[in-house]
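Got a structure for you, written out below as structure tokens; questions coming shortly.
Chain IDs A, B, C, D and E follow the sequence of writing; residue 1 opens each chain.
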Amino acid sequence: MTLLWGFLWGVAAVATIAGGAILGVWWERKVSARIQMRYGPQQIGPFGSLQMIADVPKLLFKEDIVPALADKAIFKYAPLFVFGPVAVSMVVIPFTAGWAPLNTSVGVLFFLAVPSIEVIAILLSAWASHNTLSTLGGLRATAQMISYEVPRSLAVLAIVLLAGSLRPLDVVAAWRWWWMPLTFVAFVIYFVASIAEMNRGPFDIPEAESELVAGYFADYSGMRWASFMMAEYGAMIAASLFGAALFFGGGWPFGGALGVITLIVKAILIMTAIMWVKWTFPRLRQDQLMSFCWKALTPLALVQLVVVGVVLVWL
Amino acid sequence: MTEQTIVNIGPSHPSTHGVCRVVVTLDGEIVTHAEPIIGHLHRGIEKMAENRTYLQVVPLTDRLDYVGSMYANWAYCRAVERLAGIRVPERAEYIRVIVCELQRIASHMMGIGSTGADTGAFTAFMYAFAQRDHVVELFEALCGARLTYNYVRPGGVSMDLPEGWVEKCRAFTAQHPSAMLELDRLLFGNVIARARLKGVGVLSAEDAVAWGASGPTARGSGVDWDLRRDDPYSVYPRFDFQVPLGENGDSYDRARIRLWECVESCKIIDQALDQLEPGLVKAEGLPRLLAPRPGDAYDHIESARGSLGVYLVSDGTPRPYRMKVRSPAFCNLALLPLLAEGHTLSDLVVILGSLDPVFGEVDR
Amino acid sequence: MNINELREHLCSEYPDLCPLFSVEYGDGVLVVDASRLHDAASDLRDLGFDRLGMVTAVDTGDEFELVYRLQSREMHAGIFVKARVARDIASIASVTDLWPAANWQEREVYDLFGITFEGHPDLRRILLTDDWVGHPLRKDYQDDRIIRRPDYI
Amino acid sequence: MAFVDDLGAALDKTPGGGIILTSLDAVMDWSRGKSLWMMPMGTACCAMELIAASFSRFDFDRHGSIPRPDPRHCDVMVVAGTITRKMAPAVQRLYDQMPDPKWVIAMGNCAVSGGIFYYDTYSVVRGVDEFLPVDVYIAGCPPRPESLQDAILRLREQVSTDSIAPGKSRALKSDLPAPGSPRKGEPSTPGGDAG
Amino acid sequence: MAVKREDIITPATVSDEYAPGAKGFLQKVSSLVTGLGITARISTEKPVTIRYPAEKWTVSPRWRGALHLRGVLGRDEIPLIRHASDIYNGVIEDLYKGERLPPCVGNCPANVDARGQGFLVAEDRIPEAYELVRDRNILPGVLGRICHHPCETACRRNFYDEPVAIRPLHRFAYEEFQKVAAERLKPLPITQKQSVAIVGSGPSGLSAAYDLMKAGYRVVMYEREERPGGALNTGVPAYRLPRDVLYSEIDGLVALGLELHCGIEVGKTKPLSALQREHDAVLLAVGLQESRILPIPGHDAEGVIGALEFLWAANHKGETGVRGKRVFVIGGGNVAVDVARCALRTGATEVRLASLESSEELPAHPWEIEEALDEGVIATCSVGPEEVLTEGGNVVGMRVRECLSVFDETGRFAPKFGEGLSDFACDVVVFSIGQAAKLDSLIAGTELLVSGRGQLVVDGTHFTTSAAGVFACGEVVTGPGSAIGSIATGHEAATSILRFLRGESLTEDRTPRPVPVYAKYAVADVSGVERSRRRSIMPMARAEDRAKDFRPVELGLTHQEAMIEAARCLRCQSEICVGCTFCARTCPDYAIQVERVDEPGGRCLTRYDLDLSKCAFCGLCAEQCPTNALTHTGQYELSFFHRDLLIFDKGEMLRSGEGTRATGRDGVMPPGCPVPPRREQ
């Protein structure tokens, strides 16, 4: 029974992520266009919102190229493992007060841990492509994603510390507005680390267009490539939702369906901010990225943790 | 020492600015050797010029440095004029200065923008390109082409300024410096961009001179050498302008010099427009077929990339016997192996971008 | 520095180069023997010509004329150095040791004219593919792939 | 494109599959036509206009066409600029790397026929159609970005006639020269005029 | 955000560093915020995108798009500039403003349609060509020999190779016309009651007379000499202008209805006031009658003579009294050269031409000087006359002073002399430094005014004098000038008279003749030019032969040569492609191929192929198209499904240049060529 329930939730999550990614891509194209003094997609649907509807069937029916030198089995199925964890991680998001698809006591940990499986998939796909640039991209991605787990987790830990629970629903329930100023630094760290986790600008080093062409997915075409893109946008959506839930109180101040909408609006704002950052800043270099993680973000997260601890003690 | 990887970048790669192939030997992510392989755009223009009349070579020179066609036009025309002893009317010289300074802006916008794109700041590229679009529009109104102008001709320029052009040009120079200031804040003031550009690809002044670097590449290293001021040609001595210089010789200096040169170019354009007087724009009585007496001549100008020279040999027929283009981008690109060594792959791209090569000119 | 001052300066420092100096179209030209080119170039560099602007060659029919354009920052002057080499033994000393700038430029001349530069560290083709046959800028270059533009003026 | 080919072929053979095939074709042609991602194969001057085309002023994104640097993600290769003999193998290779269905736009006269570099040069390929199947030719040296937009819109016309079933593509209502008509404009020797 | 322009100062060094410590940290953080702020601000602005294809970009008028032809030979006729004299200036003005005025027409003082002449001659419609020229140039046969041809100077052929031989074609047209003159010269009907008297039968008077006759007026002309022609008769040497040509052309005019009375000197034989009474208007075209002689020491000695007198003697008596003598001609103008050459022909042993100007600045036409030098005239340039050396009242020599410069910086005549003196031995000194009018007897008894310097008071644009109904034209108004210049004034004066007779305002709606400035051409290098494209060479008598007598120097073109020469005309500004092939020649890519047939009656452009796929869009072809037929279009939508569609043939080149798309779809069928009729041998 649980299995069936889980399967159904999985399908729903995949559908949500796919739909969300489609809209996310459209939103990104519009946001980046406005920042760049352009209009962006315009011709299909109102404001070009159905542009991705045209893109997806096309990608679906594109030739599925498997390079001759690639490790065929791994090459073919690695994209699934990129997309899967992101989809699965969605199930713990507390959409509104008192309701999450999967209400588990280690939900926060689950959310932080499960998407990390993606790293393995990325490394596999990069390796399987048998392409120097892809391999470099995969290696970069691995280093980056594993490193940024640390400040990200520490930042979330600040909230967990305040809430006293790893259950996302509990965290949302315990959330108070004054947490916002208190954990602002933690949110910034979470925000930055999430961007790095999902390999987006200014941390898109693994797929750096101007250096590695497309990095680890350089040799993927059609739907397989689309699943990488979907994973990226899915991760962005998941991170935005989760961030909105944890740092901005989920559906607060509303509950029920209105709470879901509030959460989504908050998440869209965070997503827009992620895009805004991407389309404003240059890209960091690999070593700078690592030193930024270990020398700036991680200590800062620790400091934040201490501050939160002090506040808790003082209370 | 770990095993070395050989990575092949290009010839079609988003950040090689054209069709350059760089064979990079990597030790981890560190470049131990970068070997640019050029010639993918070698079209044999110098050979073709030998079977074209002097006038017909002008469109060919357009295709040399396609980001700064006016320069190649001008350098070539100066060589022809020197060879054939043509005196250029003053108005034509002013117009040449104006269009070439506009061209400098257009070209530098491309250079700065691609520096942005190389470091991942694509939006800065868009902003720079929007400024370039203004210049391109001015050129379109002037000579009817957006890129390959064929405007500067032996003996002057092909057409006089159209009506209302001066006002449009003034409107552009009025807004351009503040746009540049904003771009400076967005790109060169940014902490990430500085981290990416500063200390990357440091070129010493001695190396710059010995390797024949010129233009912003040399000036970034503090080599105070600008043909417009130090070997004055045309009407440049009549203008008051400053030559921006760098101290460190890194990619940051090379790229940022371009930005400030644009501001200085605006100054020159304003002064030139003030001093512009009516008159002829082309030397009178030039026949369709120029046949300079046998001899050779060289002339060079300061293009956006450095000192661009044209060496012409005439044998007395209406066609050049030999044309050689001294391409600044070619000489600057030769520095890449020197600069890239010891940096990461990401930096290699930035260094290549900061040299701002245009492969039409490198390969000819 | 104008051309006469340059001539005086050159004559006072290196009297042996003086008789080779002439003026064409306002530019100083130094015509040297191919065997003496490297010495002359070295002298000129010591004189203050710190930049090598251009190295190129002209196919004059039976000989190649190598043209070096030197530029001096302090003197604000430029000078040509020309040397002729025979077509069948087209070879001349490289000036890469004096100016590293000559590296690629000499490779280009080698590529397009087939003139070898002795002492060049890395004399390979640069613009054309490595398996290219012939040297295109020679006047007698033959290539079936060239379509001659009809002679029409 | 194995899956699609098989599907198309299967539908074509199945009785009654024609209807499904037609509607599927309609969906696919619409989808492909509205989402022509470009592989910018910019080598020379035209590359500048190609860049300009996707930038603020001309904004290809409006048509759903975005430039992707990676051939694997692209549908249409825009060959913009002179292709030399040294470059041609690389272009060929990039084309081969693109997944089917794929199209080629020859942008600018250099890519169409060598253009200004047709005569007297030893290193230029006279037209990219010597080794790639070109779908749309754009004249211009360089063409305006609008020309490229026009070409993309025209390519949509052509894409709209494609079918996923092999050999089922409809003929494009275009003005192709009559079969067997001599190629116009071949160079002849000058003369015969009194000018 | 807006920063003042002045506040943007280039830093001394661009290597900017963050401050150390906390300040630097703040700078770093604020740089991120600044960046976000800039992108946020810009994202609120309106995008700069052009929404193609809904919004189409209007390209600049100079846009170099796909080429198109406005018209082609064989389908479109070349317009002949043929209008009544009184609206002619307006027509020229309109053409000039519309940039449709051919340089040859524009540069001719009388605006003779040389382009139309070329067209008609090439079509073998030579009598029509003659009549077309005669409309504006009353004596084509005469001017075809003596004109200084400003048309050829401005001819656009100069830019390509050599000018079209317009003047020899006038002469050729005259010679051909003589064969059919009898049937084509019919008296013009007199439709008006009024009549006009013209004093003087020089070129200006004749042209005015023709204009008035065409308008239907009776014209009576009075000439002082026994034969008509004015200065052409008295001044121009016979080796340049055989008198029978002059007389036969004037006879032609008489045949058209001109009443010519020779041997009547108005003012002596018949008073001017009588003419004013008899006729409704009087036109004075009396020319200049007197040579100017410098009042230097010895100017009244025996052997000093004026140029006009000298030439009169040479032309009428064939003898000037210089046989075996040394002649010293002072002056550098065309008259001086004529004098020198006449002196040679009348037996002078040595002829020396002394001019103030240096040899480059000589006012005489270079070809005249060249011919004179060929014949043995010695030129002494940059000298000013100082004194005529006399001995017993006879000339024995000439002393001259060196002249440093003739004109000052502003271009005014202000000769500067040096110290150097030199003497030349000679027997005859001819002053050829200008002429003056002698009007006292003519205007006696009328209210006409003369200025203090003896010149008639005339309005220089409308040619009215101080007396109503009396007009003046020709050199008496303009001073010494060219024959074609006089003819131009004749047309203008005729217009004034027409308006006067009709009672219209002289000035209203009257466009002054525009004098466009055309580029001066350097001599082109024609070494690489095919034979067929070069100018027909006018056969000349050998220099040694011609220096001895007054037989014509130029021998004329044959029919064949003339036809070929006329076909060389580029029909400038006609906006009809005539197949001159210069676009094809100028094209750096050999993208254009042009062919035409030149059979009279079937002249046609048979082929015009533009290979758009090779075109570099450099604009060189359209820039130098002499006819402006080849133009750029604003078309920028140039995408094709097939490479062959990029080759535009003649029909597609004639497609509409409006709109933005040049697909070749709207191309029309190439217009066919008329079948050339077989020429009768």
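Note that contacts are C-beta pairs under 8 Å (C-beta built on N, C-alpha and C of every residue); 3 or more make two chains touch, one makes a residue touch a chain.
What you are looking at is a predicted structure, and each value in this text was computed from that prediction instead of being measured.
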Maximum centroid distance from chain E, chain identifier (CA atoms): A
Selected pair, greater C-beta contact count between C-E and D-E: D-E
Chain nearest the global centroid, as defined over all protein CA atoms shown: B
Separation of chain B from chain E, taking each centre as the mean of its C-alpha atoms, in whole Å: 46
Mean-CA-position distance for chain C and chain A (Å): 60
Chain B and chain D: spacing of chain centres that average the CA atoms, whole Å: 32
Residue list for chain E, restricted to those that touch at least two other chains: 32, 35, 38-39, 42, 47-49, 51, 59, 528, 582, 584-585, 588-590, 616-618
Multi-chain contact residues (two or more partners), chain B: 13-14, 39, 42, 44, 47, 51-52, 59-60, 62, 123, 126-127, 130, 133, 148, 186, 190, 192, 289, 318
Junction residues of chain A - those touching two or more other chains: 33, 35-39, 42, 209, 213, 279-281
Interchain contacts, given as pairs of chains that touch: A-B, A-D, A-E, B-C, B-D, B-E, C-D, C-E, D-E
Chain D-facing residues of chain C, complex: 128-129, 136, 141, 143, 145-152
Touch list for chain B against partner chain D, complex: 11-14, 18-19, 21, 39-45, 47-48, 50-52, 59-60, 62-63, 66-67, 110, 125-126, 129-130, 133, 136, 146-148, 359-360
List of chain B residues in touch with chain C within their complex: 38-39, 42, 44, 46-47, 51-53, 82-83, 207, 209-212, 223, 225, 230-231, 289, 295-298, 300, 307, 309, 311, 313, 318, 321-322, 324, 326, 330-331, 333-334, 363-364
Interface residues, chain B side, partner chain E - complex: 52, 55-60, 62, 123, 127, 130, 133, 140-145, 148, 150, 158-159, 162, 174, 177-178, 180-182, 185-186, 188-192, 194, 220, 242, 244-248, 250, 252-253, 256-257, 259-260, 263-264, 284-289, 291, 317-318
Chain C-touching residues of chain D, taken from the complex the two chains share: 85-86, 118-123, 126, 187, 189-190
